[in-house]
Structure formats: structure tokens, C-alpha cells
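Labels run A, B, C and D following the written order; every chain starts at residue 1.
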Amino acid sequence: MKFANEKVSEIQIAYIGGGSMYWAKNLIADLALDDQLSGTIRLYDLDYNKACHNEKLGNSVSDYPEANAKWQYKAYPTLQEALTGCDFVFISILPGTFQEMESDVHEPEKYGIYQAVGDTTGPGGLIRALRTIPMYVEFAQAIERYAPDAWVFNYTNPMTLCTRTLYEVFPKIKAFGCCHEIFGTQSLLIRMLKDMEGIDGLHRDQIKVNVLGLNHFTWIDQATYLGTDLLPMYSKFVDRYYETGFEHNKDAWKTNPYTSANRVKFDLFRRYGVIAAAGDRHLAEFMPPWYLKDPDTVYDWKFGLTTVQSRVEKNAATADYYGKLLSGEEKLPLKASGEEEVRQLKGLIGLQSFVTNVNVPNVGQMKGIPHGVVVETNAVFSANSLRPVYAGELPLPVHNQVLQHAMNQELILQAALKKDKALALQAFVSDPLVTIGVTQAEALFERMLQNTKAYLPGWKL
Amino acid sequence: MKFANEKVSEIQIAYIGGGSMYWAKNLIADLALDDQLSGTIRLYDLDYNKACHNEKLGNSVSDYPEANAKWQYKAYPTLQEALTGCDFVFISILPGTFQEMESDVHEPEKYGIYQAVGDTTGPGGLIRALRTIPMYVEFAQAIERYAPDAWVFNYTNPMTLCTRTLYEVFPKIKAFGCCHEIFGTQSLLIRMLKDMEGIDGLHRDQIKVNVLGLNHFTWIDQATYLGTDLLPMYSKFVDRYYETGFEHNKDAWKTNPYTSANRVKFDLFRRYGVIAAAGDRHLAEFMPPWYLKDPDTVYDWKFGLTTVQSRVEKNAATADYYGKLLSGEEKLPLKASGEEEVRQLKGLIGLQSFVTNVNVPNVGQMKGIPHGVVVETNAVFSANSLRPVYAGELPLPVHNQVLQHAMNQELILQAALKKDKALALQAFVSDPLVTIGVTQAEALFERMLQNTKAYLPGWKL
Amino acid sequence: MKFANEKVSEIQIAYIGGGSMYWAKNLIADLALDDQLSGTIRLYDLDYNKACHNEKLGNSVSDYPEANAKWQYKAYPTLQEALTGCDFVFISILPGTFQEMESDVHEPEKYGIYQAVGDTTGPGGLIRALRTIPMYVEFAQAIERYAPDAWVFNYTNPMTLCTRTLYEVFPKIKAFGCCHEIFGTQSLLIRMLKDMEGIDGLHRDQIKVNVLGLNHFTWIDQATYLGTDLLPMYSKFVDRYYETGFEHNKDAWKTNPYTSANRVKFDLFRRYGVIAAAGDRHLAEFMPPWYLKDPDTVYDWKFGLTTVQSRVEKNAATADYYGKLLSGEEKLPLKASGEEEVRQLKGLIGLQSFVTNVNVPNVGQMKGIPHGVVVETNAVFSANSLRPVYAGELPLPVHNQVLQHAMNQELILQAALKKDKALALQAFVSDPLVTIGVTQAEALFERMLQNTKAYLPGWKL
Amino acid sequence: MKFANEKVSEIQIAYIGGGSMYWAKNLIADLALDDQLSGTIRLYDLDYNKACHNEKLGNSVSDYPEANAKWQYKAYPTLQEALTGCDFVFISILPGTFQEMESDVHEPEKYGIYQAVGDTTGPGGLIRALRTIPMYVEFAQAIERYAPDAWVFNYTNPMTLCTRTLYEVFPKIKAFGCCHEIFGTQSLLIRMLKDMEGIDGLHRDQIKVNVLGLNHFTWIDQATYLGTDLLPMYSKFVDRYYETGFEHNKDAWKTNPYTSANRVKFDLFRRYGVIAAAGDRHLAEFMPPWYLKDPDTVYDWKFGLTTVQSRVEKNAATADYYGKLLSGEEKLPLKASGEEEVRQLKGLIGLQSFVTNVNVPNVGQMKGIPHGVVVETNAVFSANSLRPVYAGELPLPVHNQVLQHAMNQELILQAALKKDKALALQAFVSDPLVTIGVTQAEALFERMLQNTKAYLPGWKL
């Protein structure tokens, strides 16, 4: 890296999963918009061709006259080459195909277990973790070998276990997991301020929150706008919209399987007195099947079950659009994605210092949670430095839920690292969504494991 | 206390719940059999008359020519008088009547939740805890005031929460909870040695075990007889009797609702590789409804559901027999109860030193469990000294189950101390036996709480 | 407090020690310079007349046309009145008079023990702590009673033990200790950047540091300017100036007993590889008498021994000047003091969020130091929120020194709270500066204790 | 091992340092006296010839008609052969020769630092640790490789660091350190009971003690005989003999450099209220030079400085006697050594269960001391099981001394493992006996290091 006149050039970023049609577009646009940073994005993907596509796309965007920075994009055939000499590593992969996802999400439905997303917790999240962890073991080993000083940004789900695996394998890694679910909750609070007080035009940085929990099962126990405590206001807001829900676009959840009316969030606030800070689809999956008992219950709580079919369709549309971008038929609009990767890069480079939420191993920032477990709290970004901020402890009833999931994820990690089916089963039957009989649960587990076995090398299945 | 010639006289023991028809008989016989100790048992009971009955019974036994020690029994009308000047306190009470127990055990059945005992965990254990904790708050306060240096033996269930309450209210109390379930497991291992190896005539002290867990959900991860590791033998033993169970008296569980064929224990061993060390009826209640789904399932697993009706009948028979003892029509047979209170007294007095299992707050003897939580492990008894022995950590899958219960019991404690219905409900819906919908669970909880409200002074119900 | 147009009015601040001639002037000027905040400073002092003087001075400054804010100053005769209804509390007192200070600093010299300041550690710091802690016990009790929600800023030395006492007595207090020694080290790094690299015009906020340790014995293990790691540069800087020292004004330390040539700091860096971040006079007192063996040694290391005589003279000059301010003969120049109290107020009020170093009880921000001990690290100030930032662990050799002092301070606290002379003596003989024989040490201790006994009510002396 | 009729044969014990003329004699006699155990002692020594001598001696003793067991002794030329297949390992070595010991003990005297033993702490203990740790690294690696399941008994000093090294290198090792200093204190209490109360004929097992601290700096905070609390009696006993001391043989300390009049122990009791439980010579070395200021001070406190010359003379006498044993001119008297190795063997084999004091890593048995540090407390010996007993926490003033030494030993360990002279120096100047100036201390350290450098392979010296 080179510093000159408040600008930094020659930044080397390895991008694992660099053949993506989704997140790559965001990154390309975000980087092109910023005028302080430049350098090379080293694209690495299991499918080298896809990485080459993004090389082409990225470089074409750098040629846009409106691009404020001219990043270079380059596909690399091996992880070793991509990593050697890099300053940063981004990891954003899709572990498995739609076929495995189909099993993760829909196989359990045959046993009466419904999941809204199926990528974080529940039967689907567990199986997805089992097939992702071996990949992260490899990444961690490669980073230890080829780029031990690089900062690693993880975007893949299951976020907690991916990040946890990196640290388990290479304890000195400088890695963290990034997730925008908290931003969504800050957005909701902004809309609340508009709705309740008529205050307009706020940005999420103005909504100060204390964050604590696990990714997608994160909580806010303090929220302020200037000197105003937002929790009493939220309580009234919940009362006002408990039955109807509160939405951006009326009834969007009926057609858009990625959204909700926030009713789950409101119900959890009534029960626990703190703000659940993730989308309802994620939150519902961490609880017993209160919100996910069956499709009717889901309908009552007003959120969507994201089917894999809907993902397939979305993917086809994206592929179509992506093709046009590649051919130049369409131009990539340069607008900010709302993600924070550019700000985080600047923080770690030393251009600014700020506080935001990340996923890193607990060193004490969350009281009462074992050290080492990956938790989500605020942290201070500064030059070559990412330090968690003390977040305290959740109210006991919530703490217990969070702890139970944290411990079950430790069990999943052990199962994956030891390739131990019995341990994995024990984690499976301990998930709060799995309230079916143990014999049935074993049958379901067996089936799901078979469906993903191509990704479980070394397991005795 | 007076020491002379290896004997100790003038021991003062306050016995709270001293009007009992059950445990008092054991104590009277055990004390009469030992020739090293003597003194006074100060009987205190909410029902003073009942305490007087035991005064009469106890003194009559002291008059038996075959009594090795002549203890004095005396009923006291107030707790203050009973405690002032005493060296030891025994607490063994029945919190509530059969009517409340009826609700604890059978009300949940209307919602499809079956419990084998209902006094430790599950809906029944929780409600029983709520009504017992206030009594223990009073005991702790009285002991702090009138007998702060006395050693306190607790025998009441729920064991963990009773003992926990004593320490919460009076942190310097010298209290511990005693339970014989481990002895039962040692007995099973003795019978195994006979069955598998033909070894006969062993006493439980010869079966060395490492104990860890919560009362009634305790585990053994190391067991030896002389130099023999008993776990591999137990594994073969489980294989041999997994289907049939292993019983003292064939099919006793069909008629005796207090017994079992150990099949739950065997199944837990297969799953976790460590020995579950409590009766099957207790163990089943700590798990999801794998063994307690419905009466048929229970039948398959070969253990009894202890109905309150059976308790009422047993009580009538006991009352009848007790009447005869009082009138002198029958004589109390002086045979050892199998409990350890006399040995423990001798230990704390300084006459001997030994290791046995007790329930005390965790100071580190169980790794990974928060300090302060009451756990069951081995401890060394010595003069005025009771020190836990480091027991280590359970395998992660079992550890997680134990931790979850430990944390839920902390929540019950908070609910009881704050008289907070919402907290109690949160603990209720977090119990693994409660897999019914949350709305139903709330209705059941409400009903059970109403049924016990006479014992919940200060609650808003 | 009232928010309107980014301004906050009607802020109520109780100022304990409000009769000060020193710190009060800084506060008055700092507040007058800022245009966002206004309200009332409630001056409380054991000497009510002195508080009245500052009332007069403060209000006169508010009348200056150049004052950006018109704060009201008002003397209160009782602590209760000053505290009731306040939003913030500042504590800045002088515990004892020059007479006690004379004993603290110079009595030990008769035994060959030299101290450069004598207010933090060493024999003088210990005795000062013994007489200050009872005052802080009172403050904490009064705050718990009259202003439990107020944020408390402590400025009194010994900083660690004053803050520690507040939390010991009232665990839920929202207090922190403020010290500018770190700012001085940041200043040194700025002068280093000028000296070594010719970089000019930097502000301390641009020098990012990770801070950890005890107040006045604080360390920096990471320091950056933009993306530049300052530790390698500091190493060269130390090499260049190790022998000569590095000063603002050449040889100032020869005449100004409050300054130094940073040689102690440089020597500590050579030994430990991390930057000692306090003035040399303070640092030297925490070590064995390497730098304080005798006046010649001190001269070699180029720092001043601050005599009480010099303080008396300084005080006379200040009193003279203060008299002129009061009479109006002189006008208080409105220039920023360099302290942070205004920024901290804004942070806690919710007007801005930032990171700076403070002294608060360890909740895990310093690894390896017992929880509860007051440590100095960075923390995030935000609306009604002050949360420590994880600082990690010092290199073991420094960690051990810090831990030893932390534990000795815990012992001093216990001695003061229990008014226990034997405990205090044990702390005294454990101080690294006390390398004289134990009998001599006892004689010195006895004498110093006698000299301060007017401030030790309830002690058996 | 083979069990039959309460006897165990074919026990395989590797004895590292098996060429000893001292401890070997004890072991041979102790084993010959016991009739329950038999097997092979595999003697390994750097000097194979010496091991062969003990082979001869041991076997000749087995031939004594009065030997109750016929152990086989066999010298092995390599560690690998000695370890492979063994059940137990004893380690008792002398790290270095009298020449290095001469430097350890007497070089510091030239700088005014006196040590009574010089093998545990202080400058001598530190240097001895530096040369011993590399040997223990090798032992640990060999045990991990060739006998990972064997129980390892360590007898070498510095006890704490030897044991600590074994666990650092091979964390799953089943090792513990044995020391008889506590037995000596129990003996003193027995003599006290005789002196104060006329009670006679007691055995140390009847004196129940709670032990906590570091080896040779161990403390007893609870001691009982039957129901009698011995601490109040000890207080009176100390008062009676504080000035004169209390000895077995009057003024023995004047001529026997291995003994004392217990005055240091009495002085420490007066200061701290708990019983220091090691010989005065050891205790004095852990404190600042209160007792070791100079030979006159030592004389006043009535204990011996063990010179290396006295060791040389003692060794010559031993060699002479040993020669006679070897030649058969003298017969080894079969009397118990007072050590516990046979009882401990029986415990771990499963023949009995008992409580005694050992040195093992802290897993929580000593509150407030970091986990992993090797501490000395009671532990339960049982079949294949050694579990620490919770010992609690020392009074804060003592706790601080113990913690300071524990942390300094961690620093020595790091220095030795990293072969880092700067770290070793930092530990050296932090020792409480080193109160000389830092420059002098550096010179002394340099000299002592040079004197032992033959044992510091890989160091840059």
C-alpha cells in the first residue's frame, strides 16, 4: 500500500468466491464510487471462468468515466497466488448448489419443520455449516500460509461458524464477519422516529445502538438518537403496530419472500424488553416453533418463507442481467450498496476510526458467554486494529437462548472438524426447531446428511 | 459439643420439617445405631403437634435397650428457638400438600406433557420451586441470624434450587444438599459386576466414581473397582440389556411407580458415552419428551409414572404404621437407612475424613458451568470442612444439556425472588418438556400458578 | 436537560471541591468557550466561602462578552443540595493540606526513599489513599442517595483508588476517572513525528493509540498516524535521544520540578518494548528505585522531584492571581485547557460519539487483570453510555508489574475500608519503592500514619 | 499390571535420574517394605554406569530375606527404552553439578544477596530453572511419545517449574510434583500438641490441613486434630516460642545447615495469620530480604545457610557409604523414608483412595491464581485419578506475595522456552531478594548465566 495526499493506492485484495454474480457487483460499484482507495482485486473462485467474468466486468467499470477510482481486477487460478502478497481478503462464497439448499430448506418440511431461510440455524443451517466448515478450514490454512497478516472480511453464512472456523484453525488470524441486519434495525428505528415523532432525514450513524448476541440473533439493549432513549418510544411503537405490523411497503411480505412486517420482532420485544435486531425470517428460526409452526402460523406473523424455487428464479433473472453487464448491453449503476466494506477498509488502513458491529470471537465483550465463541457486538475500527467494545450482558431469559445456540454451534463445529456423525446428530436434536420425536429426527438428519454428502469428504456415511 | 474417648456428646441438631413421618424414622434409627455420637434433636415443624409426635417417637427409641446412643428429641415451637445454639441443621420439608402436587404432576397431562415425578424439573418442578423458594428464603435468613456457623444439610426437592436459595440469601452459609441417587447407580454397577464378572459382596464405597452434573441429572464419567475401569464393562452391559432392561425384581416397574428397568439410563449411555447417574424417572424429565411422550412411550422404556394417587395411598399406609409406632404397638426396627447423614456428621465433627457426592455452589469443580450455580460433584468431608473435588467437564453434548438446565434454574430463582410472573413464564416455556405451542403453554402455566397461589405471597396473580 | 437546535441547556453539574483555585479556572474557561452547552454549576466545597468565590468568578466570566455560553455558577452549603437533581458530578478535591503532603513526600526521604510526586503510589501515595478513601466513601453514599443516575467525573489522585472506592461503595455508579497523561504521550509522539519525519501541525486525535494499564502507569502497545505504525519509529527515536533525553525546552527539568527529559520513558521502552505513557516523575515511582535511588540518580535520569515547598510557592502565586481575578483586576483568558471534560459531557449527553482513555473497573478490557480493579484503557463515549474497548494484554514482564501494583492497591482499599493498620502496613512493605529493612519500614509507616491521623477517623492508632 | 488377591504385580516404573545415590536408596527401601506391590524399576540416567550401580544395589536388596517384595531393577541405556511400556515414571534428577550450584548459591553473596538454599526461587532458583527446563522439555516430549498414559511423579527442584514445563510441552500428561515440606509442618503441629496439650503419639494423617500456595511457599489456613481447630493453639504456641524458636534438637540450626528454629515461620504467622508450611530456609527466600539481609540477620532468625561446601562434604560421606552398600560391606536398612510414593502408587493403581498435597496446574483449586500455574494443594488420589480439592483463597496480603511469585515463574518459563535473555533478566530483577541496583543486578545476572551456559544450548550468550 502507498499513502500519498490522503489517498492510498496499490491495495491488494484477494476475493475468495470472486466469481459471484451478486456481491461482486456491489463491491465493484462501491469501490468505483470512492476516490481515496485504489489497487487490485484478485478474484479467486472454484470456477475460474466465473472469476474471469468479474475480471472483465470490474475492469470495464473502472473504465467508466464516472468511476472515481480505477481499480484493477484480475482472476487468479489458485488460492495461493491470489493470497500471496495481499493486504486484505474478502470471502463470500455459496457453499453448495441450489440442490443442497433445496434439501436444507425443504426436506425438514416433510417432517413438519418449517424454516424461513435455512442458512444459519435449524436443520438447514446445521447441514449447511457441516459442508461449509471444511472449506473454511482450507481457507484458514491457506491464509496462515500465504497471507498471515492480511485482514479477512467474511460475508458467507452461517456467519458465526465460518468466522469461528477461521479462528479455530488459525488462532492469530485477523478476521471478522460482516452483516447488515443491524443496519436494517437501525432503519426501522429511523422509520419509527418519522412515524412517532415526525423526525425525518436521519442516517443510521445517528442511531447509536449497543449490539449483542449472535449473528442473525442479535439484540439491542440501548438505542439513542441524540439524547433520546429510543426504548420507551419503541415500546409504544410496538403497542401501536403489534397487530398490524409495520412495513415499508404494505403487505410486501405476501409476495416478497425476503421481507416481513416486523411482527416477530415486536412479539420478541414484548416478551424480553430488548430489541431483536435481525430480520423476522432469521429471528423466527432461533426460537422454538412459535412463529414457524406451519405456513398458517407464518402467515399470521406476516413474514415470508424463502423457498429455494424463489431463489432459482431470482438467480435466473440475475444471470440474465449479469450477461448484459458482461456484454456491455447494460451498464452497472454506480450507487452505494449500503454495505460497509469500503469504510471498514479505510478504518483498517488508518484513514478513519469508527464504531460498528462485527462478528469476532468473544474476549469478554459479551459477559456470560464463553470466550472464543463468535459473537456480534460493536467494535472500534482503527489503523490495523479492530477492538471489540464491551457490550455487557443480555437479560437472563434472552441470554439463556443465546447461550444455548452458542453452545450448540460449538457442538456443530466439533462435529464438522472431527467428521463425527454422532456429535452432529446430537446438535441436530438439540436445535429448538426440532421438536419432533427423536426417531423421526434421526431419520430426517440421515436423509439431509446423505443429500449433502458430496461436500463431506472423510465422513463415514 | 464435647469430645471424649473418640466419642462426641451434646451435639445440637435443629431439624426443620421435624414433623415428618418418613425421613424422621430413618434419622432416628440411624442415630440409634451409632455409638460415637449423641446429643439433642430439636424438632421444628409448621405443625408443632407433628414435631411433638416425633419427640415422643425419638425418645422412645432412645429407650430401646439395643439403641447404641441415647439421643434426646425435643419439639420446639419456633424456628428461632430451634436454631439458637445448634451445631447442625437438617432441612427436610414437603412444600405444599398433595393438592398442589396433584396440579404439579397431572395438570400438564391435560396438555400432553407427562412427568414421572414432577418435583425437580419440568412444569411440576418449576411450580414446586416457586412455592419452595420463599420458604428457603426464610430459613436462610433465620440461619444467618440464629445459627450462622451451623452446618446445614438439605434434603428437600428441588434440591438444586433449595440449596441455591440458601446461598443466594446468606452467601456465607455452610450448606449442602444430600441425595442418594448416585448410591443407586453405584448399586447398579455392583450388580453389573456380579452379572458380568461374578464378583460378589461389594459395598458402594468400593466403586469409585467421578460425579458431575445437576442433582437428578448427574453423570459419571469415570468409575473403577480396584484397578478396573468400569466404563468398557458398562458398555457391554448396556449392549446385553439394552432391549430388556436390567432389574432387581423382574417387571417391578409395571407395578411399582418408583422404579424402572434402567432402559433410559442405557439409552443415554449409548448417546453420550457417560453414565447417567440417577433414576430413570428423574433422568427422563430432563430430556426433551423422548422418553415421556405419552404413556405408551413410557411403557416401552419401562419405568413408572409416579401418580399422586399412589403417593396418597402410600401416605395412608405410612400414617397407619406411624400411628402404631407412636402408640408402641410396633417397634421401629433399627436398621441403617442407607443415607449418609451420620457419616457426614462425623466428617464435619472431625471424627473421620472421606469423599462423597454433594450439592454445593460451583466454585470451579465443574468446568464450563458458571460459578454460583449449585452442582453435584464429589467433595471431601473433614473437620468443619467441606471442599469440592475437581470433577472436570462433561462431554460437550451432555454439558450443553446440563448448562441449559442450570441456566433455566437460575431464571426460576430470579423469578421466585422477584415474584415475577413474566420471568417464570419464560423459564416455563424454555423447559425441554414443554414442546407444546407457546399459547397453550401460557394457559397451562397460568392454571398451575393459580393452583399453587396460596404459596406465592406477594405475587401479582 | 433541554435539547433544541443541536444545543443543550439547563444542564445541572455538581462540582465537589468547587472551591478550587486551580481546576475551577480551567472548567470555567472551557465551558465559556463552547456554544452548545449551558446550565448551572453547583459548587460544593468543605469551605463554603471558597465555593462562593468561584460562584462570583464563574458568573463574572459568563458576563464576558466573548463567552459563548452563559453558565450560571452557584455555591451550595451541603452535598445533598448540590447533588439533588444534578445530571453530572465533577469531583476534584485536595485530600488534606500541604502539611500532610509534606509528610507524604518528604518523610520517606529521611529513610532514603525518594518520590517525585508522592500522590499515586509509593509511601506517599499509599498514605494519601488512606486519607482520601473515607471521603470517597461519603461521596459514593451521597451520590447513591441523591443522584444515582448522574455521571460522575473524577479528577482527584490517587485516581485509581478514588474511582475504585466509588464503585466499591455504590456498584451501580456511573463514574470514571479522567487523566491527561496519555495526552502528554500523544504530544511526545507528535513532536517525534516532527523531529524524525518533519511532519507538522498534528492534533492528538490523529495519533491513534491503544492504552492499557493503571493510571500514571499506563502503557501504549499500538500507536499509529494514518497507516504508519509508530512503534518502529519510536524505537529509533529512543536510540537517538536515549542519552540526552528529548525535551520541549532544553534542561527545563533542572528548574521546573514538574517536568522531565523523558529518559525514564526511553529506558522503559528499551526494557519492555512498549511505550510507557505517563510523565517520567510518575513512572519512576512505580518501579523499584532504579530511577529514584537518590537525588544524583534522579539528576542522571533528568527529571524533577516535586518538593512540597515548590507547591507552596506555586500556590501563593496562584492565590495572588486568583485574588486579582476575583477583584476584577485581571480577566480570565478564555483558552482551552486541553482537558476533555466538555467533549466528554457532549458524548454522554448524546451530541457526539468518540473514543478516549478513561479509568473504570475492569470488566475484561484488560486481559489477565482481575475484574473490578480500576484500569485505564480506551472507551467509547456515547449517549448515556461509556463502554470500555478491549485493550488486550501487556507483554508479560510489564503485565506482572502492573498486576503487582493493582493487587497492592486492592490491599490498600481493604485496609482503608476496614481501618486496619496491619493490612495497610502489609501494603506499605510490598511497595517496590520500599526496599529498606522491614523494621525501618514499620517505623516510617508509623510516623507517616501519625502525621495524617486527623484524616483517619475510626482507626486505632 | 496384574491384580490378584489384593496384590499387584508386573508394575513397570521408569526412573529418570535412576543413578542417584540418595533418593534411590529411599525408594528401594520403601518398595521392599511393602508387600502389595511388585514389578520392575527401569533405571535411566545420563550416566549409565550409575544406573547400573543402582540395578545392582536394588536387586541385592530384593534378595534380602526381610524384603517383603522382590522388585527387579534394570538399567536402561536410553530414555526411549526405559519409557516404552511403563505404567509410571519417577523423575528425580540433579540439574548440573556442584560447580553450577556454587554459582547459584554463592555468586549472589558477592553482591550482598544471601540465599539459604538457592534451588527454588531467588537468583539461584531462577538460574537453576533455566538449566532444568530444557531437560524437562525433553522428558515431556519423550513421555508424550513413548508413555503418554503413564503417571509421572516429579521430585526435582525447582518443583513448580519442572512440573509446569511438563504440562506446557505435553498438556495431557498425567504428572504431579511431590514434596514433603508439608509433612514437616504437620510434624511441627504434632510437636505443638505434645508441648501445649501433652497429647502424644500422633501421626501426620491425623492432622488435617488445608494446603494452598506454591511449592516451598505453601500455606495452611485450616488445621484440625479431631474436632480441634489448631490455629488458635498455634497462635499461643507462636507467642510462647516467638523469641526462642521451637526446635527438635536445641540449637541444631547452628551446626546443621539444613534446619531451623522455626522463627521465620512464627514471624510470618504473626504478620499474616496463616501458617507458612515449609522449612524456614525456603520460606525466607520468597520474601524480601527481611530474614536474609546478611549472615547476622540469618543468625538472629536462627536458621542455616546451606553452603555448597557443606553439600560437597555430605556428598563425599554419602558416596563412601554408597560404596559400602554396593560392595555389600554394609546392608541397606529397610526403614520407611517418610515419603509417600508407595501410597501414591497404590492410590493410582486403585488399591486405596486418600487425600494428600501435590503440585499440579491450577484448574480452579486456588481461587484468584491464573489457571495453568502449578500450585500446591490437596488432591484426591484414586484409581487412575488425581483430582485437586478446592482450597479457596489466601488472605489478600499473602495471596499477593504468592501471585507475584507465580507470575514471575511464568516469566522464567517463557524465558527458558524462548531462550530469551532479556525476559530472563526481567524475571531476575523482579525477584524480591534482588533489591540491589538494576545495573548491579544485570552484572550479577550476566555472570551467573555465563557460569551455567553449558546447560543453555541455543541461547545467545
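Definition applied: a residue touches a chain if its C-beta (ideal position, glycine included) is under 8 Å from a C-beta of that chain, and two chains touch if they have at least 3 such contacts.
On a predicted model such as this, the values are computed, not experimentally measured, just so you know.
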**Request:** Would you mind checking which chain's C-alpha centre is most distant from the centre of chain C?
**Result:** B
**Request:** Can you check how far apart chain A and chain B are, centre to centre, with Cα atoms defining each centre and the answer in Å?
**Result:** 47
**Message:** Counting only Cα atoms for the centres, state how far chain B is from chain D in Å.
**Reply:** 43
**Item:** Where chain A and chain D are represented by their mean Cα positions, the distance between them in whole Å
**Value:** 55
**Request:** Can you tell me which residues of chain C touch two or more of the remaining chains?
**Result:** none
**Message:** By the document's touch rule, what are all the touching chain pairs in this structure?
**Reply:** A-B, A-C, B-D, C-D
**Asked** Considering the complex alone, what residue numbers of chain A touch chain B?
**Response** 271-272, 288, 290, 293, 368, 370, 396-397, 399-401, 403-404, 407-408, 410-411, 414, 422-423, 426-427, 429-430, 435, 437-438
**Message:** Help me check something: in the complex, which residues belonging to chain A touch chain C?
**Reply:** 1, 3, 8, 208, 210, 222, 224-229, 349-351, 353, 355, 363-365, 367, 378, 380, 382-385, 387-392
